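I am attaching a structure below and will ask some questions about it afterwards.
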């Protein structure tokens, strides 16, 4: 397979196209502009459409329309732009439409800055929008993984009729790494016989809708979503466990920061400290199973984030009081350094072992 | 004995939930009849708004999508870009289209998006109980304009059709009314032209329909028609505002 | 020993600093190494500073952010001020002495001063200063050949820039010349 | 002048009266004596012979409960 | 004091006015329309302004402007409308502006229904918007408490320069109860010398802003927010504990559902079961302290919600593995009945005690 | 020796971050000079957009608020309703004002909100690196319109001034350019009139300024002025579009 | 025994069903009771069904949702179908027999059939049917006097409706008359 | 014709050249020999005696680094 050197953002676009995505609706925002720009260039020759919407809200609602019409469709943005899409995402989840939403997170709150951050974990994993809904959230840690997860995201979206989020950060979006494009892994997908394509006078109208005015109709509908979420939890949870057997401390980190932790693992090794890593690949469903078996040696979990502490909530729920949960984070666009992580680990272990 | 009028097959059998005398029902019929007469019902995809017409997806006998409040033109764009040869229309109220959905409406027109918008201007937020709409007339009372709309406080009502007509992408725009049998017939023709414009891929088309809301205007349905004629029509003059050149 | 080279390239917006990193990354990748290239990006479209972190490694690459560089390549003065401290003890700093009159203050690193702008002008275009610098860099480090670097040039800029190859060949050679 | 015949779907009428004003022959009225299943006084025609089958009533009925025939 | 019979929505408006709020920006949505309608009627005679914005987004940004200009200002909406305000709320929190935001929750996701629900707990308590920010969230359980908390909300907002949310539901908004209007409790508030009122040529410009392009400037700013949040956690957490000593099971419920639990407590009593209640009054900060001392008798916490389970995450963090955390919820506009809660309690206790 | 020109006190000492030759700087100066000349700098509150002018709050020597992308007119409304006697203005790009902020712009005008908008039309998204704006011309390339804007795909550019002029609340609207010293002087006058309109409480005022973006147009600053004259001016004709009656 | 009366009022949109609940609540509040009134609300502006839950109690009121009513007052037929099951055993159902020809099926509740529309028409206006019904209700229950109810009428509708007081007085009295 | 004098804030110039085209006397040019602190070739006037103090250059300078005086 040919190796290419590619920016994360471009790789997202290329992977989406490879996965059969022919419709993209977006709005510019740093640091993800190369995604719409790539799609604007590549889709028209393929007979697809790129629309630069008038806003993030318009974009997500165009996605709703296109997904309802049966297309593989994607949108992308970054933190404040994703905040604007929350109502739309809630509609898409409620109407059970498949689509892929990319968030290359930047530093926040407010306008914040444009440097990488991971402070949209809450917004991604537990409904930034209204109501009881979730969506699978993938957090790639390399460009290669980005490509694979974007392809997977389209399959998962279609398989479960759900929006799927790719949660990267400015670093994933802007960095280049070498990457290969394998053939997408195809699932056995149900036919989109619910899509609005015109009745052709041959069947009853298809209706895409999230309104259920009667509680006794809405409640079972939500239950249907919840049941689906249980299946996703069971079948789609992904994580990686590194160096965890007998670890003194187990770090929990996702996306780019998991790579910082890998460097910290090496540095710890040099000092005779065993640092483990649980790397959630799906943030929702959160890989609670990864936390089940821990060695009696392990003193604590350490959530390392480019935020003021968001995933740490899930780590606490996973730890369930068995061992302490510690947190180390940098924010505002700063990236934790391996040495800082090592220092924190030593701190947890009482000033070194 | 020949049948002069019966309910169109373009509508389902579900009875309308609209209040007695609400002209939403008339407009539904006109849209549906046109889709049938143009032979495109089976290839049509409609988009329902949030507003009193929120259940429109139960009424039109074609594929339908329910949009978030104000976003119907964006939803329609998404659909149309996937199925450029299908007929795609939205059905929207004045709150939906001219308030929260202003950007989506304007930019569907800017893009010359090849869709048709049926715009129900009843000068009020019907569904939520009579709040002021951007098209509420000066002096008209609404629950959020209890002292009547004042130019100095809430500004003057927006003439959406005239505003959109400044955009090159807007191929067909006409304002009609459904206050009398004659105007209903004209309205039907305008809606037909709008759909034809789309079928011929000439770009964005919109028909603004002056409509009543007896419930929130606090009048009988019959008085509402008179109020529409006497108050709305002078401010919102009927007529064609844009037509594709070849026509 | 397994290769793990972490470099920071830094300079003005228009100096081709990001491309230097890209070319090195490409060349590294074509040699079968793991590579990562990470630019810094700011709100200013022109005239701002630009820099990128590049890692070329036999191992899997951890953090793509280089905070303790093996090598720092600085093309202008503000960049030297900013990144001087980010080089690991025993590392290398290569200074574009055409634009930087200042000297490196640290004494635990090896420093090279190359007047790459002047040399590039001699080669035919001041714009090739970055290629001169890269030529010097690869020569110094040895894990990428000059030919591989020129191969990367075409990959990064596309076959359309083939006409610029001779100039750049000259520039790279002139850069390599600087390293005895 | 043509002779017409209108039929109302009794229980679907909402008694709004739009057909009443629309009829050029003024032959439709709301029957205050009766209340249909929906709870309204339904529209009715008494002098059907005066109906010209113009369908104005149907044009205005928002609930499409009028069928018009012409002889 | 005169007793009035008032709808919750109207009481919100009346309390805000009593608290000195003279500016309201809103957009209609069921079931909170009586709030803007009340303000539209009452504010102009007081020299205040009511603006019906063109959208929820415009409304929250008008609030941002008015708050930045130094006014006491409020907006209100319901679930999907609040979802649309997320970016704006993130900006307000980041710019440290005081304001009060009311969410009378309806059933969701998507357009959902218009009946009461509590499915916006996540959106309210952990950033529906982008970035690391929080805001105090008050959950009144009666109209009287609504009045008191709305007044308090304005003081807290001004005291900490933060947005504050009143999280009610359709039931709180639509029901009538008798209510009295005490004088608002005034705090010693700092002068709003940061507000944009014009320099008068006498001082340097005041700037309201959330942009900090340099990570080393943004990070300390976020740290400042986090430090403030710690003070709020310490000083502003509110909760009520009912019947918890020696309780067999302790229910956790907020807002209207806490009242259902009160009925369930009585019914349990009749059956010899001791059901306790922890009622968070502030949802953020969550009253973790209330969970500290629990009797060895207590078999479980039971989170009861009008949602598919959101607060239950915080209850789990609070329980920290000491005793099991159970959940009972109804959703889609349905309200849990006392009997259902009793049944669940019995179930937890193993089919009755 | 008399001073003919020096930097106005209406601006702070902070140097602009704009690219060389970007005309944003000229417009900043005109706004600031007018505020000083009208004697209202001390009572003015400005609203900065998200766009290249995002740091405007560092430049104008008056109280400032930074708005979310597109929401400046809403923010200005909030400020103005609190301080009706202060001068409130927004400074917005074409992406900010005419794309994401369409609804906020239109409705500030509908309400006749007594604020002034300075609208920088440079036919591109400057800050984010040259994406298509709603005002990008037909045929013009942008990073998200790599094949050039096509009428059939992206629609025709929006003429915001003409569109807003259909609204009764819009008291003053003029389009100017800053491509030559003469036009800069005219632009300054128009901006003065807009502020006067606000000071006299006549309602919404807007000045659309045709402006350059050498960086994203991929031209020298000087060529950019020529491109503006030859391409933008024909589509966006200069001149007054609305003036309050008494003037 | 401490008072704890939980009532459901139900009927068509225009029948004044919500006002019945409000008047009872107001009267209860003025007597120093705790009260709550909770309407159901739907998307249909007219012609839909309307109902409200009212609780009047000496205790603090738990859930304002009445699911086991002490009393059910039904003004039309769909409401009877819907709420018949929501009355607690031993409770009371009052049926507007003017519009409901059907009989209550349960035998564990006390049922009253009052033709309140007819009686209201006799009093002068069919619109006062709800007041007739309320008159009957307070008489039956005894914890609110007819005078208190009329006081509540003014509170709910405002002094502006004082002119309607005589009619309503008549209606309430006529209603009370129905209860022997 | 009036006599003018222009002064440039040397290190603030961005070398954009807008003043160059604006000058009716064509006396401003970008000094390719020099690079200022910002890294640009700054605008300069050589034949100051020809300056008429019209301030066209200042009108166009986006960075307001030109001061114009008239004698």
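Order of writing sets the chain letters: A, B, C, D, E, F, G and H. Residues in each chain are counted from 1.
The rule we apply is simple: a contact is a pair of C-beta atoms (placed from the backbone, for glycine too) under 8 Å apart; a residue touches a chain by one contact, two chains touch by 3 or more.
Not measured: the values here are computed from a predicted model.
Of all chains in the assembly, those touching subunit E and also subunit H are F. Between subunit D and subunit F, the least number of touch steps comes to 2. A count of C-beta contacts for the chain pairs B-D and A-F puts B-D on top.
Rounded to whole angstrom units, the spacing between the C-alpha centres of subunit A and subunit B is 39. Each chain gets one centre point, the mean of its Cα atoms, and the points for subunit A and subunit D are 60 Å apart.
Per-chain Cα centroids separate subunit F from subunit H by 26 Å.
Subunit E has residues 30, 54-55, 57, 80, 87, 91, 95, 110-111, 114, 209-211, 213 in contact with two or more other chains.
Those residues of subunit C in touch with two or more other chains are numbered 42-43, 47. Residues of subunit D in contact with at least two other chains: 14.
Residue ranges of subunit B in contact with subunit F, taken from their complex: 99-103, 106-107, 109-113, 134, 151-152, 154-159, 162-163, 165-169. Those residues of subunit E lying in contact with subunit B across their complex are 27-30, 33, 36-37, 40-41, 44, 50, 52, 54-56, 80, 110-111. Of all residues in subunit A, only 57, 79-80, 82-84, 86-87, 90-95, 105, 107-115, 117, 119-120, 122-123, 126-133, 209-222, 225-226, 307-310, 313, 316-317, 319-322, 330-334 touch subunit E in the complex they form. Residue ranges of subunit B in contact with subunit D, taken from their complex: 1-8, 11, 15-16, 18-26, 29, 180-181, 184-185, 214, 220-222, 225. Interface residues of subunit C, counted against subunit A in their complex, comprise 22, 25-26, 29, 34-39, 41-43, 60-65, 67, 155.
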